[in-house]
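Below you'll find a set of structures to go through.
Each of the next two complexes has chain A plus one more chain, namely chain B in the first and chain C in the second.
== the complex of A and B ==
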């Protein structure tokens, strides 16, 4: 039986670990963690994370729901799976981090994290073209901060953009697209359908 | 029970009261002398050319930092003075059949090419021009093809490396011997033993460090394992006891000791190997004794210094130049000049670190030798990791001594070996006439 999401008015909510255990894929392995730090120490972008996976797990256990769901660790993960491969206790660390990111979106925590906006821009490009167009992803991300901020950030990267164009690393035409965009939409619709069905199933149980 | 019945039972007792001990490390030696000193005949088999096992290759023991050669020498005396112990070196068990009181054991020996006339004078070693990798120093240096396994070897008898047999060098070795001790014609032998009980003291080997790929063991000579560290610090080791960087021979003053390398890890050995925390703290002391300005970092998950060993931990952690870092490192990278750099997260400060070292020592886990060496021989119930752990009601004639039954330090191995000797004696004495005849 699923436990209700704990009340967010408390800074430390001891029901949070139970909730993660039951609602996040891989969360049932949380109790295996021995806080050795192999995950955070192996992370290629560990220095760019506010907490890193080991501390994230410790905070889940401590019931720090808001801090966990607002953490940039959920969004900076590149899914390289080093933490999962090296974890001496076999914990699916990447799954837990990504599962928490999905929960952070559905519970409305994600927009507070800058990196999650980048994830949204990326998703927009993939769902529209079946490809990532670096120019549009970057532009969409920058303008998510507002028009003035978007222009400012864009101009700040002008030199890099020109260099990339001169070296032939950035094309100037229309965005690349997959040939069967209709097929892509069908795949996405089916995926959404499966996800909704699974969600319903979880709620019923 | 009447006297006549008693006699009948004694007459029909076990077919053999001899106790076979397999493995001549500290546990096997202890089990052998303990059983023999109660009057039982004991056969002690050792696969290498000399007794002593892993203990003989240790520089010093924790926590008292005394020398293992001292305790071994006392045990060798007990063997020498006891005619009921027969030591057979370079021998392995090929097969084993039967039950308590009546085992048939087939033993195979490798040729040593040197017989009992050897006086350990060393003339053969001088005569040989061929060098072979020195197994005692884990291949960190080489020895003459005719060599004494190590200076405290028991028996004190040279060995000739099989690589040179058939070459002119072998002739030179034979001709150099003034005692007629070199026998180049010696071959493998297979013979049968009849024994009443078997003690497995087959010991352990370090986990294969190359399998822990993130720790780059085979990519840098300055990343060594804890057994190599023992030899590096020993006066009869490859550096004469100086702790030097294997890459360039310079003093190793900035040293990292990584705990749980291959232990407590579901990707490798899931269990705790029990000795490594204390062994690494001992290694820190080795370095500190040689270099007053050394700085040592011990990377650990948690320090497991149980019972009285806690005092050693207190002593070592009081040294300001020995730093304990609560962190299981993620990986070891190499700088352009080959310097190892340990990368990970300090779990107390959450610092993501990348620190260069002169020398990195991996505290490798203990793996039971029995797992790979004698898989075809029935040795009793094994646990999930290959250690011999008899179940209640199992064949009583076989028992495990020392690390063959699970990770133990030396003193606990000795206790376990004494217990195994008692179990073997009990097994033989409780054989009823019915059981012994089938």
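== the complex of A and C ==
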């Protein structure tokens, strides 16, 4: 029987560790961690993280659901995979951090998180065009903070944008698209539906 | 045709940055690959790989389904191998392909999704990074043989970055082509082209990846260290295989100079641009060297044709 996601009334709920084990890619390797810290020590951006990967793993095992899903460690990961290749126990640390980030979004822990905003702008481009339109993703991300902040951020990067335009490295004109955007959207919708179905199945059982 | 005689058929997946910020990687790869004796045709109607944040924006299965669509299309082109020059495209496409191959349940879910567009993926393909193919299938000697205009006197800092080698370079499915922490292939490429590879000890440091796009204030110091190490090593140019590394390390130099009081003006190029030049190809049309925004005298000489 699958473990339901614990509610947050209990600060420590071992059910959370089991839930991560069952629902996050790589989560089944968590029990292998010996807390050596090679992951956090290898992290290029560890100083910007509230906990870092080593402590995050310990907190998962302790069942600290809310602290884990609100941790900025999930949002500062650059996907450099140094922790993954250096882990002496072969734990796919990056996958776990990224998988938790995806779960935090779907569970509503991350609506205002900057990385999450960027991810939404990115996914908007993917679902509409089948491709990343770097220009529109950036603009949509900037303006997700509101009109004034969007203009401010845009102006702050004006020189970079102009350089790219001058060198022919910013696409101008209509976005590049796949030919069957309808088919691609149908695939993505179906995949989301299957993912939701699996999730529901696990929670019901 | 006898299977022994069957040649590998490469289908080329350019990725989204090929139509924007990394046009010069795409142009130079298309120029050098035939010169190295490989044939490739473009993946038909390819879509985005999901990049670094697809999992977060769309969820894990939809992101895997994106790759499934690309691979299903590649199979209809009768490919044996998919080749890409982009680090993120490689990470996502190779990673998803290996997961699909190892997990029938996942393959079924991907195919259930693809079926709505009359596609399916039989998990028959290998997904490979262009650098791995050049190391394993072409070989350094072949690069040397092809060089007609050696890049004499050019000092190159080979900046590999992360996802080109991590986590797959040192794995069987990744072709075992180099190490995670101290890869040598970029230096070998530069030297095969007649340039000098300088001793550069941050070759696999992270440029901040997409965090440098989202929140550069958190990662400018990472890029500064890369630039500083290259400058200290006396490099004329930084050479990289990764689209995001190229853009981040190049574009943020002005902001880094402002923030840290430094004076960096170091061109950042793709290894494939250098190769195109060393092969005697056109500095603009083939090497795309007019597209790099940070310019130096040496780069301006390089872009000109002899």
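Throughout what follows, the second predicted complex is superposed on the first by the 150 of 205 C-alpha atoms of A that agree within 3 Å, B and C clash if a C-alpha of one lies under 4 Å from a C-alpha of the other, contacts with A are read in each partner's own complex, and residues count from 1 in each chain.
One rule holds in what follows: contacts are C-beta pairs under 8 Å (C-beta built on N, C-alpha and C of every residue); 3 or more make two chains touch, one makes a residue touch a chain.
Predicted model, so just to flag it, every value in this text is computed and none were measured.
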Larger residue footprint on chain A, choosing between chain B and chain C, goes to C
Does the superposition put A:70 against chain B (first), chain C (second), both, or neither?
neither
I'd like to know which partner A:18 touches here: chain B for first, chain C for second, both or neither. neither
Which partner chains sit in contact with A:37 here, chain B, chain C, both or neither? Use first/second/both/neither. first
Check: With the two structures laid over each other on chain A, which partner does A:54 touch: chain B (first), chain C (second), both, or neither?
Finding: first
Touch check for A:122: first (chain B), second (chain C), both, or neither?
-> second
### Task
For A:170, select first, second, both or neither according to whether it touches chain B, chain C, the two together, or no partner.
second
- In the overlay, answer first, second, both or neither for which of chain B and chain C A:105 touches. second
Chain A contact set shared between chain B and chain C covers 82, 85
Counting only contacts in the complex, chain A reaches chain B at residues 34-43, 46-47, 51-52, 54-55, 82, 85-90
Within the complex, chain A is touched by chain C residues 16-17, 19-24, 45-48, 50-62, 64-66, 68-69, 91, 109-110, 112-119, 162-163, 166-167, 170, 180-181, 204-206, 208-215, 218-219, 222, 251, 254, 290-293
The residues of chain A that touch chain C in their complex are 25, 44-45, 48, 76-82, 84-85, 92, 94, 98-99, 101-102, 105-106, 114-116, 118-123, 125-127, 130-135, 138, 141, 159-160, 163-164, 166-171, 176, 178-180, 183-184, 186-192, 194-195
Chain B contacts chain A in the complex at 214, 260, 264-268, 301-302, 326-331, 343-347, 350, 352
